[in-house]
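Take a look at the structures below.
You will see two complexes here that share subunit A, one where it goes with subunit B and one where it goes with subunit C.
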Partner chain A sequence: MTAVFDLPSTREEAWRWADLGGLAAAAALAPIARPEADFLDLPGARLVFVDGVLDAERSMLRRVTLQALEAGDHPLGRRAAGQGWSLRLDAEAAADPVQIIHIATSGESHLPSEIVLGDDAVAEVVETFVGAGWANRFTRVSLGTGARLMRSVRLLQPAGFVSLREEATIGAAASLVTIFLGAGGQGSRIDATLTLAGDGAFVDYGGALLTRDEQRQECAVAVHHAEPNGTSRQVWRAVAADRSQASLAARAEVARHAQKTDGEQSLRGLLLDRTATVNLKPELEIFADDVKCAHGATVGELDARALFYLESRGIPPARAEALLTHAFVADAIGRIGHETVRDAFEADADAWLEAAL
Partner chain B sequence: MATKNAEALAAVSKKYEWGFATEVEQDFAPKGLSEDTVRYISAKKNEPQWMLDWRLKAYRQWLEMTPPDWAKLSIPPIDYQDAYYYAEPKQKKTLASLDELDPEIRRTYEKLGIPIEEQKVLAGVEGARKVAVDAVFDSVSVATTFREELKAAGVIFLSISEAIREYPDLVKKWLGKVVPQHDNYFATLNSAVFSDGTFVYVPAGVRCPMELSTYFRINAENTGQFERTLIVADKGAYVSYLEGCTAPMRDENQLHAAVVELVALDDAEIKYSTVQNWYPGDENGVGGIYNFVTKRALCQGRNSKVSWTQVETGSAITWKYPSCVLAGENSVGEFYSVAVTNHRQQADTGTKMIHLGKNSRSTIVSKGISAGRSDNTYRGLVRVAPTAEGVRNFTQCDSLLLGDQCGAHTVPYIEVKNPSAQIEHEATTSKISEDQLFYAMSRGLDQEAAVALIVNGFAREVLQQLPMEFAVEAQKLLGISLEGSVG
Partner chain C sequence: MLKIENLHAEVDGKPILKGLSLTVDAGEIHAIMGPNGAGKSTLGYVLGGRPGYEVTDGKVTFDGQDLLALEPHERAAAGLFLGFQYPVEIPGVSNVQFLRESLNAQRSARGEKPLTGAEFLKLARGEADALALPQDMLKRPVNVGFSGGEKKRNEMVQMGIIDPKFAILDETDSGLDIDALRVVGEGINRIMRKADKAVLLITHYQRLLDYVRPDVVHVLADGRITRSGGPELALQLEREGYAEAAA
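This part shows the complex of A and B:
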């Protein structure tokens, strides 16, 4: 597949755990019948993209527009330049949730998008990926002073690969929350660079990657604190079964004058089989001297004492395992603020766990 | 806060006390690097043919390799042809006694505070602790003390060039086993041109009766030092090894690319302590040593244990990752590190713990202290192989920033392929809090003493791992940056 040749090799630090072979294989998958996916019961815009092309019949654009978009020079992102979707809100505007379903039926599809919120604007975006093939997406987020964006993204493709390149600029006192759930059978790479560009900006960026069989999912996220008083939270959970591999690389960078930064990373991996692999890289890069930055990382299996406790209360072992794993995953996806969305994500995670355990 | 900063900066800006150069007549290899240089070094050392072949093989591999660029370091291009790869004091090196040593070199070591003389006196004193010292001056080991007493215990403690001649089988068996010739760019270079170093073999069941110690000193201009250390602890053996290094102040950069290999067989234990104080360059980053070192231990036997302790205060650029391959069942790896960077120093250092054996355990405690315009990176890897059941790892890396022009970075890699592993990693970055200062000062300490107390506490977990002899020196060295440190 020529398409992946110009991607960096795994010899490069930022791509060390990337599954570039899986990406090429996904692009070469045989076409499948168009899968169905339902929207959540929420008001607001609904967009269906089939192989990166809007299905106008099933879509309601509302405030979303389609237009040509730039996509930067990131090796993944730049492929997505061209016609994409754009959500722009003026100051103090609030939109109903925007739901987007990405359906892949074959080959590779690339699609750019942008979310630009004016001062104090509020928006919510829910994205779902289904189908097979290589879905490559670029998202640029720009938040004005005090703007708030809540994004939830679930990767539910039974096969193929989803690569997401995200670039965000977060203004003063603005807040970006993005939670991912990788509970399909696809490979994935979530590749993000987030800049806290205003005083007191907040970002919460994390999620849960659940892998089984030969699957490989990874995130490679860098949060850059460019201004003082910023807060960042990166909570990632990985559950790996069979011969799969889940990799979490999260970096917090604090620029010289970004004093009073509060950065926290929590990366935890749960191994369900001895053939599975979890890779973690919680990275800190700090140039300011008055900051609070901490990271915690753990890998292991379920706590034997917790299992024993549940069993002693009459809960069968399989159920006990499911309960504890559910709680483990909930650390990350429980951060979704919208109840309907959170319930849907938890149901997807539970379905995955039920099949895996 | 301003005064505190000023005091701290004054403290960390103390002069490098070991920056003198010694006037000694020296033999140099012709400048530059070629197969001839390798042959020259090998011939100088009267090495057997197999050793020369081994070196040449490494040299040819090195020509094909490129320097690593993944570390968070900015390394100016190094002209490998603009250095001497071998410098030897013109003194005959087979000495009947230490008294025959070139007085200039002796004086150098006295200035460095190496207790060669002192130890001879102490040798007669009942109950005094002894340290056997091997001193490497530029490329050659000039003095090894207490050889006889060690021999009586069965311990072989020689310069590596002597060991190649006297114990070729032992050296052949282990050299390059832990760090293969082609391991990385600098290790391969070292394999080709290593000049001297230390060889230690502790036979089965022997507890080495004293601490072993090597002092490395780069003296000549334009030289690189490429020492090679090989320590083998046979079944049930124990040895504690100390290493110290200094260099004169010079405006150009000098390269130090060492390789250290440790092997611990069943139930053996090796404790390896380093106080690294190469010349760090001046405040503007002119001069200083490039310290590109490959250190690795193989815990091959059951219940074997290797403990690395390092206090890194010198060098313009440090690229160093003392590692443990924990192959034996129940084997234990430990890494305790304090790295201090100041001015324009750069350090990218950490460890690798490769867990292959069942129930192997490792502990990593890393304390990074950055000041001036320096960059201090912890880079570590904990890897658990699929077959390694019941692995435990605990990692803690803390950074302390003194001043607002420096950087502290943490890059831990965790790769786990066995669910029974318990891996924990914690890291914090901070300055000294006002509360801590206030508390200490309310107990009557002045500001400087309070800060020193707190920062000493910060590094204490590592310092207390050092053997007594080194702990004192390390405290003194650290004091340069720790006294009056500030948030």
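This part shows the complex of A and C:
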């Protein structure tokens, strides 16, 4: 099955938890009617892609352009080479939020994108995936000195698979914050390589993957500290119910001269059922000698004492579980700075919890 | 109001309560004193319905209904409040949200209208002030970073907001300094000293009873009530120790 897509085998360490079968099955799903999806009430560009093709009627491009893009040589990313969307901002420019809705109705779709910010430019991008099928996306991010990008991505496909390959270069004193929420029924792989390429660069890259039934979602992220004084935060939360599997692999590499690096990885899993699986793999590879790198990885169940405390005050058991699980997930998605976006993501997570608990 | 008859309960297969009987009528405050390991906290948890505390014999009626047949949240809606000896920290859930959900869950279980955000905040602020709990602690995650005394005052703020019929207060006095003890004692009197309410006060020491005067004092030893008396019994226990007084 996997040979069909020419992807690495799960015998390779970086792909050991990848659901390649789920990916192939997603590509073979029967076509569905185009689902509705609403934009958040924000100013700025709005793009709708249906199976990777722009729906010009429903889109307002503003500063976004469509053009042919390279997509590197990553096994997933390279499939997305071709016509894609591009947000390029000159130095000190600031754009209203860019919202993108990806609607999948059948088969596989591939789309590349790039976000290139000049020095001190500021941008925000919010992406939403809905529908069914295999949506494969490649995103290249390049941040100039002092540039700031806030990106929020939610996977809400009821079925199918979303694979995201991301490659980012963060310049001196630049900041990349990207928060993911996997709260649909689709399988997923979030595959990223991020390089802190300038002095004092900052990356906050994480999110929450919520899985149930037989679903499998995973992230495989590598942060490379190439220059001194960089800060990286990788805060991931996984909540797994039924017989599902959520896998979090986060890696931080610190180059020999990247002194004063401050790296933090926090990977936590919550099992809602004993039949569910959470895999965690925090990895550190440090060649510099003056760094602060913390990592924590825990998997557990809801705290029985906390549940009883809530119930003893009159809160019914299902609601008590939802409150505690919400709090667990909020560690990750609470990092979204924009309140409207954060509220929307929290509502999606709550809807998932309501259905799962 | 609360009638416990021949209650036997075990934890992890180990018998803790061994035939405890006790009746508390409306308008009364009963104190339960006793040495460590006597089963005082177990009694509180069994009445609250904590999982793992298994009743093997006996019965408990609350306002005429079978208390042990109710789930913990149903016991709360029926008017029972359990003040914890060790209030639990809940990161990520604010005190305000927790209390509003609690109160409104109980109200809806009783067929009452939920309080609006504004109505609730007014109530919560009033209770926090009355118990000298700084207002900003209402917004903070439940009990996270609270001192021992603040946690206990927070329990009383919860009791004031929920306004239960019957409160079981498990060592609410531990961790309190003298000033906080007075504030908490006054809170218990203000909220619970009413003709249609009752309190079961579980404590090690006489000192809380200086502020909350009990109608009846019981000695709990080895899973049973071994002696009952008036407020003077607490003073005698303090003077002579449990071994002597309970014998």
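Quick note on the criterion: the second predicted complex is superposed on the first by the 352 of 357 C-alpha atoms of A that agree within 3 Å, B and C clash if a C-alpha of one lies under 4 Å from a C-alpha of the other, contacts with A are read in each partner's own complex, and residues count from 1 in each chain.
Just so it is clear, a contact is a pair of C-beta atoms (placed from the backbone, for glycine too) under 8 Å apart; a residue touches a chain by one contact, two chains touch by 3 or more.
Source: prediction; values computed, not measured.
> Following superposition onto subunit A, is the placement of subunit B relative to subunit C best described as a clash or a fit?
Aligned on subunit A, subunit B and subunit C fit with no clash.
> Just subunit B (first), just subunit C (second), both, or neither: which does A:Glu13 touch?
After superposition on chain A, A:Glu13 lies in contact with subunit B alone.
> If we overlay the two complexes on their shared chain A, which of subunit B and subunit C does A:Ala201 touch? Say first, second, both or neither.
Neither: A:Ala201 stays clear of subunit B and subunit C.
> Tell me the contact category for A:Glu311 with respect to subunit B and subunit C: first, second, both or neither.
Second partner only.
> Check whether A:Ile333 is in contact with subunit B, with subunit C, with both or with neither, and answer first, second, both or neither.
Touch status of A:Ile333: no partner.
> See if subunit A has more residues touched by subunit B or by subunit C, and give me that chain.
Touching more residues of subunit A than the other partner does is B.
> Which of the two partners, first being subunit B and second being subunit C, lies in contact with A:Leu323: first, second, both, or neither?
A:Leu323 sits against subunit C, while subunit B stays out of touch.
> Once the shared chain is lined up, is A:Asn279 touching subunit B (first), subunit C (second), both, or neither of them?
Touch status of A:Asn279: first partner only.
> Considering only touches as defined above, state whether A:Ile103 meets subunit B (first), subunit C (second), both or neither.
neither
> What angle, in steps of 10 degrees, lies at subunit A between subunit B and subunit C when each chain is taken as its C-alpha centre?
About 80 degrees, rounded to the nearest 10.
> With both complexes superposed on chain A, which partner does A:Leu117 reach: first (subunit B), second (subunit C), both or neither?
neither
> In the overlaid three-chain picture, find the nearest pair of C-alpha atoms across subunit B and subunit C and give that distance in Å.
So the smallest C-alpha gap separating subunit B from subunit C comes to 14 Å.
> Flag every residue of subunit B that touches subunit A in the complex, lowest number first.
70, 72, 384, 386, 399, 401-431, 487
> For a test of understanding, state which residues of subunit C touch subunit A in their complex under the given definition.
Answer in residue numbers: 48-51, 71-73, 75-77, 82, 84, 87-93, 97-99, 101-103, 105-106, 109, 141, 158, 162.
> Could you pull out which subunit A residues touch subunit B in their complex?
13, 256-257, 269-301
> If you look only at subunit A, which of its residues touch subunit C in the complex?
Against subunit C, subunit A makes touches at 303-306, 308-317, 319-320, 323-324, 326-328, 330-331.
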